[in-house]
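For reference, the structures are reproduced in the following blocks.
Shared between the two complexes below is chain A, which pairs with chain B and chain C, respectively.
What follows is the complex of A and B.
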């Protein structure tokens, strides 16, 4: 291991890690918003939408991110839609992530006992208030561990976005290996960067899961 | 756009061959993961805390790093550290088996843990040996709980095998890219339809499996 070389390329990896993070933040935040929207439309059975949403969820869960990316990045410009790698990455991540998030939110929303809504109704809360003060906070708490797992999954999936020339961690690693043949150093930095990003989130998700389990079973 | 390219030369057979490679990688990986994962899952329920800790450590290490990173680390790393060059195809199978063993093990552990304790206790009260409890109580019930998750793991493996293209395995995506390169001058729209076609191919492979998994899940809910 050549430590001098490692010091020399750390700034490069730092920039790449920021790129990975920014892809992740965009992907996660938009997936959460879109996913919640889909879950709401499905749970409250908006006419004609349920089938569409189910179709989308199946399509997104049963196809690889890589081919979704290639379709966006190499396919769409042929019909005049030109997007840069980063935008393609975010769109593909949201296409993939929103279906996972929607399933988590749906499970959370469905877990709310009917009595809660009836009680809220009895208190004179209107539909919007019922949702904001009674349904959503509880559904969110129930869905949180699974949302956490999805976030972790999406951050890991950003590595695939390297395939459309976005200079994130995976891409820079390939670059460093290709340019200087410093395979050991590059792989070491790659693993370290992912650990630094993912370990805290993973520990927090584990903590949430345990807390949920305690709340459910009291153990 | 059109799909004329599919019938030109050997394009269709080549694509199918690429798809076959994708499926072969997934099948071998799943087969090995099922066996090793079950053993690993049993090990995860071991009464020794130290063994359980080691299993957990293995699972978390595999889980926390993206699969693409594992593919890269083994593909480039192994040849440098050991001097042995292993083909991308086999690296994929190795990585998938390491990953699948951990995930399958966790499914098996979860399903064994979810079998109510009174079941094994009553079995013991009836005078069944540890092996009989395992054979007649834990396996039949555990299998039902593991199967939907295992099928889902299988679809995830088929999907993830697409990453093999990034370490140079000539699977379905790579073949698609070659077809695009060959006929880019004749038909400029080809990348749209080739990638669209592969998108559908993957869906056709994965969707029946995930449908099956959710059917089983519903059927065995109680």
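What follows is the complex of A and C.
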């Protein structure tokens, strides 16, 4: 391990980590929003949308991210739409992530016992209030572990976006290896960078899960 | 707090495990010649998407200038041109494939550079090359100065990538893994021009109307040579003898006429190493 070399390329990896984070934040936040929307459409059986949403979920979960990216980056210019690599990356991440998020939210929403809604009705809450004060907080708690897993999954998937020339961690690692052949050093930095990004999130998700469980069962 | 410590401990354990895996992975196996003879097959890394040097034809067979040289080497070492296991490589992973022992020999249009000489051993060269720039005919790049603050497309880990990164930081590089991706990006207008080996560019521009190699001699003249794992003396010596033989007996020119002549015409003096 050549430490001088590692110090020398740390700035490059720092910029790449910021790029990975920025892809992750866009991808995760938009996936959560779109995913919740889809889950609501499916759960509350909004006319016409349910089939569409289910079709989308199947399409998104059964095609690889790399293919989705290539389609956006190399396919769309053939019909006159040219998006840059970052935009393609975010769109593809959301396309992939939203279906996973939707499934998590749906599972949470469907797990709420009917009695809870009946009780809310008995208290005189209207539909909107039932959802905001009774259904969603409980659904969120149930969905949280799988949403946490989805978030970690999406962040790791950003490595695929290097294929369309976005200078994130995987891209810079391969670039550095191709340029200087310091493979061990580059892979070490790659590993450390992902660990630094993912470990706190992983721990935070676990903390939230514990807190939710305590709130629910009082342990 | 116990939980936190446990998680960190698990993560660190994983880290250590992966690192030890890395170091095992990169131990070079010296003297592969014996292994090649024992297994009766030589594993050679070639390009799959760089015609006319190394490409896969419609029947799925490896073809091209580098592939023909590979067959000559296999014929001399093992008595048959078919005793090769071709491994397709990308520019950026050629060195890694050698170092990790995935291939015995690299014959993928590999330009000899000082950085590469530190990590692999080059045999005698068989080809000459310089960098070139291809651009659309209606917006030709005829001088490197025109590229300032513009986007230039390159292939990750190629001599073009290294040359422009080191010498022209004011040119924005957009880098891809595969040749096909880089050339697609040029067609989609993601950059004003593309830099690569001149020979490859001549071949590509001939196939793709509307593009022109207006610059074909950037930087110093380089040599293209086969490469083996660092310290693999026996195989290196065998390949050297073979390259010398191909040059002396004129076989190299015969291979040129078979694979490169249709594309480059009579440029053998410019392209073949002597």
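The definition used in the following text is that the second predicted complex is superposed on the first by the 202 of 219 C-alpha atoms of A that agree within 3 Å, B and C clash if a C-alpha of one lies under 4 Å from a C-alpha of the other, contacts with A are read in each partner's own complex, and residues count from 1 in each chain.
Assume a residue touches a chain if its C-beta (ideal position, glycine included) is under 8 Å from a C-beta of that chain, and two chains touch if they have at least 3 such contacts.
As the structure is a prediction and not an experimental result, all values here were calculated from the model.
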Chain B versus chain C as contact partner of A:58, first or second or both or neither: first
Which of chain B and chain C A:202 touches, first, second, both or neither: both
First, second, both or neither for A:74, with chain B first and chain C second: both
Which of chain B and chain C A:211 touches, first, second, both or neither: neither
First, second, both or neither for A:194, with chain B first and chain C second: first
First (chain B), second (chain C), both or neither touched by A:178: second
Partner chain in contact with A:160 - chain B first, chain C second, else both or neither: first
Of chain C and chain B, partner touching more chain A residues: B
First, second, both or neither for A:66, with chain B first and chain C second: first
Which superposed partner A:127 touches (first chain B, second chain C, both, neither): neither
Overlapping contact positions on chain A, where the chain C interface meets the chain B interface: 74, 163, 174, 177, 183-184, 187, 191, 195, 199, 202
Parts of chain A lying in touch with chain C, wherever the complex brings them together: 74, 77, 82, 163, 165, 171, 174-175, 177-181, 183-184, 187-188, 191-192, 195, 199, 202-203, 206
Interface residues, chain A side, partner chain B - complex: 58-59, 61-68, 70-71, 74-76, 78-79, 156-157, 159-160, 162-163, 170, 173-174, 177, 183-184, 187, 190-191, 194-195, 198-199, 202
Partner chain A, residues of chain B touching it in the complex: 60, 63-69, 72-73, 76-77, 80, 155, 159-160, 162-163, 165-166, 173, 180, 188-189, 191-192, 195-196, 198-199, 202-203, 206-207, 210
Residue ranges of chain C touching chain A (in the complex, touch as defined): 3-4, 7-8, 11, 15, 18-19, 22-23, 26, 91-93, 95-96, 99, 115-116, 118-119, 156-158, 161-162, 165, 174-177, 181, 184-185, 188-190
